[in-house]
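You will see subunit A twice below: alongside subunit B first, and alongside subunit C after that.
Take a look at the complex of A and B:
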């Protein structure tokens, strides 16, 4: 390596140092802390004790944990298709550049910019059984957040509402990257709008779709703030997502070891789900537009 | 593997979630600029904090080498942050605690032994609060304030319905019950029919009679106590017994069968719902503690009064709950900390809390100031004082009682929503609570 190259490398690392330090301190280190905590029993106050795989054994046989895995999966299954389809639809509409598109582009993203906890509190007011805006509008009393059937869909609806703008933004960018000549060529060959969408737009958006799905699934599996603000995991555990259970174990029950074991479980779940998504998309052709 | 890296980052973020709550604030300096010794004091109530600030100003005048710093942490984060800070050794020298939270610290040697350091001041303090903070024969906290339970009532509404709020008695045996009829008379549907009339429709209620709800301190434990039931034996939960079942059933029926109280769908997640209804004139009787005096005084634009808490088959047995200041055993300035604790346990130190109308002070000699403040506002606090002197019901204690209570909570909510039968629910709650207090 020449002296110049070495000096450049040094400058490069120097510039990287602040963010590397951040990643190391707040991402990499906590990962190892959590891994080691998952093998201990600790209540934050008394000294911690090594317990081997006991925490994993106890969470895997815990019906509440099974419930929270089920609830989280249901939540993801509701949120992901709805937000992806709605996001794509909104992007297609905005892409037509009708008057006012720019305004709506901003409006859609506002909920995504706001803090989920605040939104959760606002939505709890809207869903309030007696004084809530929604019931006032409907003219009847529906106990949204204490109903065992409606609570999860209600929370999922809020999650979709807050994330759809983010999905829309990515699809918009994806649509912009498709060269206009392709559309012209398709039209010249006599393809109607539906055929263009299914055979041109959708396949060319595949990388965007992949990205949106992977990040969406991950963030939905980790959902916490919205749930915490709206239902705290209730009623009767029907919205008790994994992250809410981790919080409960760590900071309400003060069983840090079990909480860490749960976090590891969530991690493994996410790796499996993401690998499955990747396999699915890899089997399909991605077009190089560059 | 273009997305491999992104996946790794996102997945590690999932793991980091568990650790992120542990973030801990920076170190506080031990010495202020002027070279004084800094003693830190943490509490959750920003109102009472104002009274403390003034009180410490007087203390610092007499003790020019000590600087007391008051730090308010809001209730919602208080216990999480406190546990994290005690764990990391960053806790303040003195902090407020309640009865359900001090046990774990006392048992783990985190607290200063008050008997040893300030035992001679003990007789000046409210005995019931001293008892609450005595664990294994030792006192761990300096009583700061206490609450008992009484019945707030809307003067106009009870007068119109012909109800005497001071003479109400509930009883699972209908023959001995005078309360239910009164509560029904005070509950009106949207056309104005009261709940004791056959035409009453419980769909749209415009005025409620009473605040039956999952409010442990002001409703549940008091009904259980007034029926001779138990909630805890030693550190274990003991809610699965006939008397407790009977009392809980009575309260749940007030909500779901008689409709004299708002639905649990309204009150389970919103602890202030009933107080808000009372303040808006939409609830006639509201059983609660002195912690709601200021809010009601400031917001209710009608005449209201205080009556003794409801009488049950076993008499009037209410919860007396106290807040104490405890000292951290790990403090670097034991002498100064003990001095501040001693001030916090003196009549002069608590005078402003009492005279400002904030709370019943833990020092009995300062109590008159609080009573006088409220009598000047036209409110007679005798019902609270009587409740504290009579038979009282112990709030749950133990090193892991909070973990137990949070495990019981979802089940209790289902009971109050009327979806889980009381007997089964209490059995489940007891089991869940006792499983949770084991580690």
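Take a look at the complex of A and C:
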């Protein structure tokens, strides 16, 4: 290596040093620490003890953990289809580019930039059975958040409400990337609106749909703030999502090992779900428009 | 009338053989008016559902508890009162420290992220050194680790070194730059012509001068995007500050709002004043820079 190249290399490492420190200490090291913690029993006070796979055994047979996996899966199964369909519908309407469309686009994104925690508090008030705005509007007294059947859909509705504008933006960008000539060609061939949507628009939006689904699933599986603000996991554990369970295990019950094992489990679950989505989309043809 | 048949854009493209008769064209125009009206109706309903909660919570924050109890959740405050805000600031509660802490957290994280991400991205984009590609892939790989997985280890690590319940505990995991920012910046920097950098080198400029005088001025749009992403995500951050702090002294706005809400269940006029205060600064930033924010989101998937 020449002296010049050596000097350039040194510059490179120096420039990289701070971020390497950050990435190493706060992103890579924690992955190893969480794996090691998941094999120990520790309550933050008495010394930690190695217990092998005991934590995994105990969480896998814990009904509360099973419940939280079920609750989180249900939450994802409600939120993802609803927000994707609504987001796509909104994007198609905005894409007609009637005057004022930009204003609507901006309005729809507003909830996305606000803190989920703060919005959760606002919605907790709106759903309040006696003083809330929703029951005042309906003229009914419905126990939204303390009902075992309504609580999860209510929390999911808030998640959809705050994310749908964001999904819309992505679909709008996707629609913009479809060349207008393709639509003209389809119309020349006599395709009606419905056929154009199913056989042209939707297939060409596939990369966008994939992105929106994958990122949506990953973030929905980790939902915490909205639940914390609205229900704290209640009633009777009906909104006790995995992240809330991890929080409870670690910082309310002080079982760090079990909490770490649960975090590892969630990580594995996310990897599996993401790979499954990738496989599903890979089987279908994607079209390169670039 | 914008809907007259002659102004229809599809008309020009029609071949003479299928040119429609006047009544048919009028029918098409009428149908278009109806679809447009339906589109607006749906879009408007969406906007109403989106903005309703903001409007209602805003109105509620200007009511006294008595007005709220008497007139209900949907009424307009008459007369509007600032009592809830007075109580939040200097009255029974002190919401100024959480705002100050949040601002400090955002400023420190923003400064760190911008500076260190720019340096790292420049190294990845324009400096040759052994292991560059491998390190870049390592950075990218960390993007796949969900935040919730690193939470517990970060807590135990920072507690071990005595940073639990401190300002640095809140910011330290985020100040050294983020792989995501580095990735976006690297892509952008690679688009800057190498000739410009070489010319600066010939003029005897060192690396830091090149970054500051050539790269940064040419990268303003992406830097603005990163600034917005960082401000929004750290203003809104809740779980990490909730975990790493315990004393009232280091409460950020989200944590303060949550604790106010749980201490004063039922006192909704006060709680809605708190949520309004917590959201207002970001909403102002958003409305001022909305064009840029909207573009940033679709560019990067702001989270």
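Observations on the structure shown:
Just so it is clear, the second predicted complex is superposed on the first by the 268 of 290 C-alpha atoms of A that agree within 3 Å, B and C clash if a C-alpha of one lies under 4 Å from a C-alpha of the other, contacts with A are read in each partner's own complex, and residues count from 1 in each chain.
What we mean here is this: a contact is a pair of C-beta atoms (placed from the backbone, for glycine too) under 8 Å apart; a residue touches a chain by one contact, two chains touch by 3 or more.
If you're wondering where the values come from, they're calculated on a predicted model, not measured in any experiment.
In the superposed pair of complexes, A:108 makes contact with subunit C only, with no contact to subunit B.
In the overlay built on the shared chain, the residue A:11 is in contact with subunit C alone; subunit B does not reach it.
Of the two partner chains placed by the overlay, subunit B and subunit C both lie in contact with A:27. With both structures placed on the common chain, the touch criterion links A:267 to subunit B and to subunit C. Of the two partner chains placed around the shared chain by superposition, neither subunit B nor subunit C is touched by A:203. In the superposition on chain A, contact of A:243 is made with both subunit B and subunit C.
Once chain A of one complex is fitted onto chain A of the other, the partner contacts of A:179 are absent, as it touches neither subunit B nor subunit C.
More residues of subunit A lie in contact with C than with the other chain of the pair subunit B and subunit C.
Contacts of A:146 after superposition on the shared chain: subunit B is touched, whereas subunit C is not.
Of the two partner chains, neither subunit B nor subunit C is touched by A:81. Shared contact residues on subunit A (touching subunit B in one structure, subunit C in the other): 26-28, 30-31, 33-34, 37, 44, 124, 128, 211, 215, 218-219, 221-222, 224, 243, 246-247, 250-251, 259-260, 263-264, 266-267, 270-271. Contact residues of subunit C toward subunit A in the complex are 13, 36, 39-40, 42-43, 46-47, 49-54, 56-57, 60, 68-69, 72-74, 116-117, 119-120, 122-124, 127-130, 132, 135, 138-139, 142, 144-157, 159, 172-177, 179, 182, 207, 232, 235-236, 238-239, 243, 253-254, 257-258, 261, 266, 268, 271-272, 274-275, 278-279, 282-283, 286, 290, 293-294, 297-298, 301-303.
By the touch criterion given at the top, residues 5, 8-13, 15-16, 18-23, 25-31, 33-34, 37, 44, 90, 93-94, 96, 98, 100-101, 104-119, 121-126, 128, 131-133, 136-137, 161, 165-166, 169-170, 172-173, 184, 211, 215, 218-219, 221-222, 224-225, 228-229, 243, 246-247, 250-251, 256, 259-260, 263-264, 266-267, 270-271 of subunit A touch subunit C in their complex.
Across the interface of their complex, subunit B is touched by residues 26-28, 30-31, 33-35, 37, 41, 43-46, 124, 128-130, 141, 143, 145-146, 148, 210-211, 214-215, 218-219, 221-222, 224, 231-237, 243, 246-248, 250-255, 259-260, 262-264, 266-267, 270-271, 274, 278 of subunit A. Residues 3, 6-7, 9-21, 80, 83-84, 86-87, 104-105, 108, 110, 203, 262-266, 268-270, 400, 402-403, 406-407, 410-411, 413-414, 417, 419, 436, 439 of subunit B are the ones that touch subunit A when the two sit in their complex.
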